[in-house]
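The next part holds the structures, each set out as structure tokens.
You will see chain A twice below: alongside chain B first, and alongside chain C after that.
So, the complex of A and B:
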């Protein structure tokens, strides 16, 4: 058996009202300080090139997709979120994805796909918002994943900067 | 047998085979591109360098595929000198080889890729630009050649020279301008073209039907047996993400097909991936309606018990195990066990194809089944009161028009792997039950020479489609109870 000794209240505390006034004074003081929270939907999140948002596929200026559907992101993905089917193209780069699906219910935004990609074709964008009314709606296909290279320019430059630390010289 | 010392271990080697075969067979694999056990060694790729010491002379580095085995030779496959020579050879092979592994279909099963990783050769010493050749050269209707990726191992050239006996490819041009071409740019012909894509050590020769369709590491491979003719070549069935069969490739079998298979079997993907499958169709008030397969089997059981004159015809794709069950069913129905034996086709050749489209003819005949042509089968069916047609492709082999012409007095039950909607108009049909096809069920076929070939389930059958063995067990059980 454990006997818990209660704290003995002082006379002032027993009087109750002075303590209420002390609490209200703190509340009143906070009203004039800068708020530490943000009004989220109206006041959007601050994102930088370091932000690891949802992965997106890069589309070149000539509107060709960079992805060659090599499948490296597919096997790098620890959550098995990516499914790719390839097809032949007439361009010099012979292959492009016919189907490229990322299941955002599975995606854990780890960025392994970006790291595995040999073509700088899949990039972690600064898009973080994800909501839908159906599960199927959260499986993004090519149409929802494509982004022009201009939208991901900062991230590509940042990733190149990081990769340069590991590269001694370029081999291709 | 000749005694040699391989990596410090004394082994016995076959003197009729080159040294590389002895190394391969004794757990000392040497990389090789131009050497293929089924073809004459030429020693053009130079990658199979090993260090060989004979007698008192100092060790020298030689190519293992062109060196005969001699008594007492001391072979070191992993010596630093051998590795250094291999690395130098590799550099020449990679000199004009494009770095498009992310695009190349061979990536993942490419030995050039593997050896490059193993030897740690990540950068070349040459700064010159790579030579440009034709990247998409069509060789007929089945194969595409990428001359840039080609390392001129000449396996494909030797395959046509030695295996099919009809030379079709050659290395033309000199030195760095050498490339593979067909004679006078004619398309490739013959029923064995697909093999050159298997033996190509890099991604230079690719199948048009498989090109860029799947990554090799996403496919599950299962050993099976080809069913397109009675030769029963050993194959490996490769399934993409447990769904569609994307590729059928030969599997080495010394007794039957060696390393090869014909294009008829290789491109038999439509048979392996049937569309339009139904678990079961049952005759209702408004014709055939979709139903549960248990109900359809129950209908067949009722019909077996109700009438006396039965006919049972199995498809030649039925396995030995299913054949035993059907044989028992036939005897319980007091009828002869028959199988449909279609006429020989004109695909017969000297190499593998037998021209007989019955993969399990011998197995069924050994069990006591009697082969009937489609016409003979129709005569028998017209006189019967109940007809049980069992096995993959049975409706197609009897002929959909034939089945439609059957009078409605013949209570016909079709147990088929692929059909469905095509049979809807046949008035005699009481029920159609979908069963697993040859890539979805295990079993045994006996080929024309009596070799037993195993088929196995490379993927699971779609929901509602039953295994033929369980359907037979159900049919058999009640036929016995009813009598």
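So, the complex of A and C:
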């Protein structure tokens, strides 16, 4: 059994009115503080390199795509959101995607594609807004997925840092 | 003829202003509650959200008019109208300002009717307003509504007593029931309190003032005494079953009653439309001074609502009968002694 010892109220507290005035003073003070509401469309969300937004394809400075259409992300994707058709190219890497589609109606933004990619070619960007009036419009092709490497620089550096931690601490 | 025309104009302007003020109060309620809770509140409809009441009104009109099965249809429809009408009627005797102008030697004063029984009128018609709440609760055929209505009845009876005793103290001092006379008496130079404070009744009747303000909270069913509504216990109390414009009418009634009670507090205790130390203040300045004081009390209504939790029902009854009534009686006894001496 627990006996709760209640605080004995003083005469002033029992009179109630002084305490009411104290409460009113507190709420009045709150009125002049800055509201914590964010006016979303005008005042967008703050994103960092840790933000795991929608996946995007990295385009090099010489405007060639990094992806070699190996299909690892396609296999890693738990939601079957990625579809890749590869083709040959004259560049050193020999292969590049002919078609690269991410169905954002299926994508769960888990980031497994980013982890699976051996070429740092698909990266989770800080783009979070996703809305369309048709289903077809939410299946993004190559044209909508490409982003210059400068836009994803911070995220690439962050992922490298994370991966370094595992590389250096591995004992085998 | 022109006098009649002026009276009609006054009626239209004052009722229009009152209903608009009730609309603005609903917006103010939401904005103030938001500020107190670190939010922003509705600010999208029009500049600073000033058109929000209009949008709400349009929405209310387009909602379904629903009468629950087994409800007393006639009373169910009558109740919100009664609630709003009583609140609107009681504003008729409030003196908003002094002399506007003179037409053919007839002074046109800024109040709809300058009754000799003004204070009595407000109490009587304000008392009618509670019928709207009770009938609404009764006619809805719902246990929550009935409970809300019954609680409102008990609450009104217990607090109206103390409120009327507070008014009576002022009336005994002023020796008149005419609200304009009460204001003029507070304005006159020889009624100065201690010779320098304005002759407002708040300085002569501080206890009656505090009791009256708290009783107005109970009278208008506002927090912390909103037992007729009681969202957390009774869903919505007397207006649980109401929808559409009928629901809106209840709200117009509630906010109008709040405004009228603020007007009464200002008129009885804070010198109404008079400006301290400036007895010859022009009409517009007097009106502005009145509206400023009323705005403060309206703000107090909102401020208290978002600061205090609701009382328990037995606490409310204890407070009403065991604290307020004896205090009001002692106050009127002392006032009577002081007046007769």
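One rule holds for everything that comes next: the second predicted complex is superposed on the first by the 137 of 172 C-alpha atoms of A that agree within 3 Å, B and C clash if a C-alpha of one lies under 4 Å from a C-alpha of the other, contacts with A are read in each partner's own complex, and residues count from 1 in each chain.
Definition applied: contacts are C-beta pairs under 8 Å (C-beta built on N, C-alpha and C of every residue); 3 or more make two chains touch, one makes a residue touch a chain.
Bear in mind that the values here come from a model prediction, so they are computed numbers and not experimental data.
Contacts of A:131 after superposition: neither chain B nor chain C is touched.
In the superposition on chain A, A:2 makes contact with neither chain B nor chain C. Once the two complexes are laid over each other on the shared chain, residue contacts for A:23 go to chain C alone; chain B is not touched. Residue contacts after overlaying the shared chain place A:46 against neither chain B nor chain C.
Remark: chain B residues 99-103, 107, 122-123, 135-136, 211-215, 217-218, 241 touch chain A in the complex. Chain A contributes residues 17, 20, 23-24, 26-28, 30-31, 33-37, 39 to its touches with chain C in the complex. On the side of chain C, the complex with chain A involves touching residues 32, 34-40, 210, 303-304, 306-308. Taken in their complex, chain A has these residues touching chain B: 68-72, 74-75, 83, 85-88, 92-95, 118-119, 169, 171-172.
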